[in-house]
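The structure that follows is given in the form of structure tokens.
Read from first to last, the chains carry the letters A, B, C, D and E; within each, the first residue is number 1.
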């Protein structure tokens, strides 16, 4: 089906804003009802919008699936590494070892901020990969 | 307020099982997850509402629709 | 100011109700799409403007402004997509039968 | 020659991140320095990935990238006023049930793509008309209360003053 | 500006009733496009309800949910309309 000019233009102009909103949800995760998982899904939905309006190949040029696979695996490794850092410095797995800021500001959660970013990138990469495979498959 | 939403949830849950055409069932499921998201939101649980809205109404609907378009359209 | 807020809230509910009546009443898909795209967006716009007026100039009304702009951009696109799908599927628009009118 | 393309790339990245920073500040509403620093960082990193989609390589007209902002605000006000007018007309139509729908084809004279898309969206929002298809400069419009089916006059009646304003803003 | 909270309650109930009316179109619509029109209307009205509830509770962060729902409703309508053509329009 040929896509019309309107959908093409609007999704083109909306795509960076949706990615930025996903990053906002991730980075304000300890202050607002967002968080790593929800922000990652919003990031993925931005890429789905481009997939639907301009085809999978155009989205794959921006985010190559080979690199996405590497990002997803490395983010999980990084998550484990941060947990092990808490184990080494303090007592428990995933213990906070960064200074706490003032309540209500952005840098107030210690390393929850970095943990949220790691989880968000991992979830986003995973859902984008699932959608690429399903959209490219031939079907029956 | 919550009673109205719960009654509507039951109605749409049964309707999505009743339809023979799978696309209509998917549309009913989208409204079902929208209503449950509104219920969580009204009961002061906005993070659950965001997760429900993002997964149930967005990504799950897209995946269902794409898979239906690649297989048969009617339920036997 | 208070009167203005009441007026906008009332307008929102009025347009929502009548738009739904139009969606239930009109004969075919294109005319239903007309009713939904006009009255639906006007009802939402009135309610958002009223809540912006309630809050005054605060960070909260900035967020409501973002939601308003998003809806002004995407709502016509959604109705355009639905109309285009029906047009390409070959649904014929309903037309009033009038003996005196000349067909084009 | 390669230098020109590189320069154009840098300009596109900077423009995209500036547009994004405005959205960030409007949405968070938080003017603490760390939040603004975060906004600049995220906007720049998003712009590095998406500058090629946000601003395509062929969109080089200056007005297409930086429209006249004050005229755009006036246009938004006129548009909202016309939306309310259209809705009152639509309510009258719903109550009386007096409709005469037709499908009309016509052309537009706008050259900028953004302006054409905004024209189509405004037509969808104003009284009794609905854009069904937009192909280059050819529009197919469903009209609820058709007065004429002649292509030229129908275009004049439907477009109204939108085309004049859009021409001023984007060209 | 402080408003009588009863007014906002009445508005929330009225919007719920209106969205119930537009769900009727989803249930009885003969074609898929009619159901899509109903879905579009329901999304708009539920976003309105969410904004009014956020204003009533006076919590600024609750508005995130409304914006997330606006984005994802648009994406799902685009997916349904694009990927499921009728008879001859097949991807």
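Things worth noting here:
What we mean here is this: a residue touches a chain if its C-beta (ideal position, glycine included) is under 8 Å from a C-beta of that chain, and two chains touch if they have at least 3 such contacts.
Small disclaimer: the values here were computed from a predicted structure and weren't measured.
Any chain that touches chain A and also touches chain B is listed here: E.
Here the chain at the heart of the shown protein, by mean C-alpha position, is E.
Taking each chain's centre as the mean of its CA atoms, D is the chain most distant from chain B. When the interfaces A-C and C-D are ranked by how many C-beta pairs touch across them, C-D comes first. The distance from the centre of chain D to the centre of chain E, each centre being the mean of the chain's C-alpha atoms, comes to 23 Å.
Chain C and chain E have CA centres that are 12 Å apart. A separation of 32 Å divides the Cα centre of chain B from that of chain D. Shared contact sites, meaning residues of chain B that touch two or more other chains, fall at 46, 49-50, 54, 58, 62, 66, 69.
Among the residues of chain E, those in touch with two or more other chains are 36, 60-62, 64-65, 67-68, 71-72, 75, 78-79, 82-83, 85, 89, 91. In chain A, the residues touching two or more other chains are 1, 4, 6-7, 10, 21, 25, 33-34, 38, 42, 45, 48, 52. The chain pairs satisfying the stated touch condition come to A-B, A-C, A-D, A-E, B-E, C-D, C-E. Chain contact summary for the complex, chain D toward chain A: residues 16, 19-20, 23-24, 27-28, 30, 32, 34-35, 38, 42-43, 46-47, 49-50, 52-54, 56, 113-114, 116-117, 120-121, 131, 133-136. Considering their complex, residues 1, 4-5, 8, 12, 15, 21, 23-24, 26-28, 30-31, 34, 37-38, 41-42, 44, 46, 49-50, 53-54, 57-58, 61-62, 65-66, 68-69, 73 of chain B touch chain E. By the touch criterion given at the top, residues 14-15, 18-19, 21-22, 25-26, 30-31, 33-35, 37-39, 41-42, 45, 58-60, 62-63, 65-66, 73, 76-77, 79-80, 83-84, 87, 93-96, 104 of chain C touch chain D in their complex.
Against chain C, in their complex, chain D makes its touches with residues 23, 26-30, 80, 83-84, 86-87, 90-91, 93-95, 97, 99-103, 120-121, 124-125, 127-128, 130-133, 140, 142, 144, 149.
On the chain A side of its complex with chain C, the touching residues are 1, 4, 6-7, 10, 14.
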